[in-house]
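In the two complexes that follow, subunit A is the common piece, with subunit B as its partner first and subunit C second.
And then the complex of A and B:
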């Protein structure tokens, strides 16, 4: 049976939800083009260089995919938590703790081959989950705001990682860890490490869990109305805690994959920097849809790797790319908010009635 | 206020209401919840515009287009929930937003003198330098009153000011009210606590279902007369058959207490049995423990003392909505949007809310939801319960109130509960939806379900109940038969006698 028609009003609203991010990306690119033109360069050539540099051939594509990979994890981490009404801003800390645990397990225990690989990934998952469990417990027992606690724990994770690479597994006293031995690096497939495949599969799995299982159903219900969820017999506190744990585990796995998959295969200053908040931005632009998050993460990857090529070809700083990325976020969030404005709603409704009238007369 | 009406959509919150307040009097606005008191006052202070009618101040017609205009005309309101900034001092809260000095700098010294003079004159004791968060509730209220006086109000609206106060603080408030009226100020006092109304008011205007019933001087009236006016005495013979021989109890409360020190919200040693095949109606003026009772019998809170006994005669140990639902509870909660539905989920999703792990709607205990089965189920319930929506994939929040309530009812009755708790099940609904919901509740009773009906609508309680208990200040005042109920006695009990 075909899905029954929903009201015209709702159909329009849903179409707008999809359109907003697309229009935002276009607008952001236009703004970027204006800035490039103001700098006296040719924006068309710049954007061509960007595409060339990110998707031009297989090696560039795989670089882009590897760049997007950790963002998929932090993006999905944010998506899962927000679906349950948990504002986990600690994706970065959870990713870093995951990577630290992976490094400690592999460098500490030694070992090679598939068992060591699996153990490394598992260590990342567990550490990420535990790092998110902390603010989760603080929230459900003491009511502490997770936005604050997760951000603060990001710094704790950052300095913990510094301790690891400076003091515990330091490479001959330099501020970086020893590189992981070749036997415990993620295998490559067509130039990109298999972490990319893990990320894509995870995106599909998260979508499935959220939209097609009873557990995901309850997670969504709690996110949208915790009071009604409680009255209707859902274990709200347990579900919230699980949302923390799963979201942290996703980020932690991302940390393990990033460490084991990407050169230089070691922890050093700057590892994971910015991934957390990029993940939050991705989740918002993707409107909390896990599959859309995959695409948005890819877009972010294209902007990053392509930006470097744009810099070298037309000579504009990569900061342009940061501006474009920022613009996408601003336009999307502003667009989402303005859809809810009553005046705009009325306008959309009047368009709709005109088009239905047109259909009727046709 | 003359002939004032306010319409929301097709619903009249106020219809042709007339209210006149004399200088220097305490005029009480009396009515049940939903009688239209708040709407009327919101019109007076400029938050709503009347659909019809006019407002006259000292004989001159005025157009109160905004709260600012109301202040300029000397009308000030003290809301039930205080609107103070906790981290500021009393004085700062009082002078906040006042523009009399027309200077960018605060004139704190001058304002302090003004406020102190007002304090002196009306006997309002306020610690001006204490932060609001450190003040007692009574003093916070005095800050609110002072705010209004400072802005030069001659007519003060006090919205249920005694709801949050202790007896001693109520006495203090009444003293202040007396000194205010002594100086020629007028007060509109909103309350449904009969005793206080009798003590403080000069005249009373009774509202019922948005209309003025009567304006009477308190001198010469009795509590009984006022209660009769408020709840209405037209008893129409119920169209439903009344059951007199109920079956065994589905749930028994034995001397259950929950925050008994709170007069308007707690429960004090309540004992009652909810029997199968019977509708037990709880009558009472809102705010006498109904909410606590509903939370107790649905597992949301645990009693502080006393016990609940299940159908098997065993004491209930585990208080959680889950456990109660598993034991066969159907619940039509007080606030359908907040407690009953997840508004941002679809109608279909709301209809299977509790059953997503069942074999019917999923494979492997919830590992794979059968989307088609969920949609078919929703369409069937939509058909059976006449839920009007364009599609079951519509978001629940986009339905009208009546249809939302039908969604909840369909979901709760579908599992054939052994105990149905219905709290204000028809509040705000039109006649058609109300009739439908009443029919469904009675049908459940006939099928052997135990029904606990809690409602502030006295007519509804009379119409449906096979047995009636009255709650007053957290205690049960009496139990009455549902067939040929002794209305006089019941309304006396509701007033606390």
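And then the complex of A and C:
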């Protein structure tokens, strides 16, 4: 009897956890519509243009998928780290370093075909992991706040990339690298590069690792309560370091995929800009669920590519989609916090027990 | 490189680079003293930078721009305060949400503002005021005692804040809220109100730091103008040991490395300047490695406060 009551409550809480982000998305879209209306434009026409511009036909859909692809990687990077209690804000730097390493191996060593492709991806993974290893070591040895160190390393990575595309592999002195040769670009499938498939598979793998393996269980345990995990004999420091490395590797792979998959196949100013914080937003909206992160990344892709069409049709700056994104995350955070408030919990519980009583009497 | 000839360049850039960090860091000092870790400084600075820029340009009055920037910072930070204090949400997550939302609002406003009239792209700048006598000192005078009024005010804040936290009843109440909110509540301090007040001050100061960037540093606003300064301010607070004077020293140290970067860029124009630009960020990490112990901070910082909880 008591057990049933708990499970009913749990079910309700789970439903609320799914409902909150959905309601947040709707609310954010409403706020966006209000802003558009305040500018004297038609929000319904705007959102129609957004959908048409992002999902209207196959070429637009593939563009949306390619736009969402790197966000899946940075989103999963954030999810994996946060599950272990590591607030990795360095997804952008890790992605950039991954792309730099890919560019350096492919442009530096030459080579074509599958081996070069594989080597490029591997270089991205290794560089991303190494770039996350540094804040990881600083955290477990000196107890440094990883939020600050990873952000600082983002800027270092940004300037390093500038060095790469201006001085090392510059295309005839222009501030961009030489484009990757056709032989090492990711093949296309239905208009989108196969990196999209890699991203989806990676999302499923990360979900499996976190929720269905003993390693994932340990990672989650450390994230929830590091002291209890240590008492339980888990190697907490090693797990934290591994969380850094794996999340960095995911972001680094994202950088490699972005460089090898997406036109113009080269590094230049603005490469990867904003992907890190978008990834953080995705992880938080998705409630640290890798599969939900895939969907949220897709939503972000729709907003981004659709926003351009919206701008050209109704003349509202594309930054409106950034506001919508920001509102989604604010509403999600506020919503998740408020359903955990004691007062509201009591309310939900009493409302729930009434409904179960009603069920029982019926 | 002759050190004495580049010293004025470094010092000038040091003072300029230190001010935004200092302002944001002092804001964060209030916030953390009241037990709220606000990592949304970056976003608050961005909104302050844009609003200061736009209002100063529209009204032609730089101080009105600054006031509007501070008001905007307070409004945005009230979102943070409501989520963390009233709804007891995770402070880090909420701060991150502010970091994502606030620059987006600033960018949207900028696109509307400059989109309507391209002449709006360049804003107004505060004039520098030379202090008579001191500014004529050799080497250091022209660099240190020829600043904008906002910079002088920022430096003047340091002794005031330091005195406030040590000798004022309200300052001590702030500290007690950050150390042990339940004990503070039993002493009759309204913890929730205190936290809201801290957020008002933090929002205003961080936004003023952002406004400094567009009113005194460069006359333009660009997306990403804050360049991680909000996070550097968080680091500054840590190696300033949560004291106003410590924060001043740390900000100046950061400013020095920023100035070194500027001086090196001017000195070695053929060298890859990107490596010089890395200096302030690398320095922040190195400084944290040596002085980064988290233990010195307010004890209840970062934890939500449930009034009914015992």
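A few points about this structure:
Assume the second predicted complex is superposed on the first by the 356 of 362 C-alpha atoms of A that agree within 3 Å, B and C clash if a C-alpha of one lies under 4 Å from a C-alpha of the other, contacts with A are read in each partner's own complex, and residues count from 1 in each chain.
FYI, contacts are C-beta pairs under 8 Å (C-beta built on N, C-alpha and C of every residue); 3 or more make two chains touch, one makes a residue touch a chain.
Keep in mind that this is a model prediction, so the values were computed, not measured.
With both structures placed on the common chain, the touch criterion links A:224 to subunit B but leaves subunit C unconnected. Judged by the touch definition given at the top, the superposed model places A:147 against subunit C, while subunit B stays out of reach. Shared-chain residue A:132: touches no atom of subunit B or subunit C.
Once chain A of one complex is fitted onto chain A of the other, the partner contacts of A:235 are limited to subunit B, with no touch recorded for subunit C. In the superposed pair of complexes, A:333 makes contact with subunit C only, with no contact to subunit B. Residue contacts after overlaying the shared chain place A:212 against subunit B, while subunit C stays out of touching range. Counting the residues of subunit A touched by each of subunit B and subunit C gives the higher count for C. Shared contact residues of subunit A, touching subunit B in one structure and subunit C in the other, are absent.
The touching residues of subunit A, when paired with subunit C in their complex, are 39, 87, 89, 138, 142-145, 147-149, 151-156, 159-160, 162-163, 166-167, 273, 277, 280-281, 284, 317-320, 322-323, 325-327, 329-330, 333-334, 336-338, 340-342.
Residues 1, 3-7, 9-10, 212-215, 217-218, 220-221, 224-225, 227-235 of subunit A touch subunit B in their complex.
Residues of subunit C that touch subunit A in their complex: 39, 79, 82-83, 87-90, 92-94, 96-105, 107-108, 110-112, 115, 224, 227-228, 231-232, 234-235, 238, 272, 274-275, 277-278, 281-282, 284-285, 288-289, 292-294, 306, 308.
Interface residues of subunit B facing subunit A in the complex, by the touch rule stated above, are 298, 300, 320-322, 324-326, 331, 333, 338-345, 349, 353-354, 356-357, 362, 365-369, 371-372, 375, 390-395, 398.
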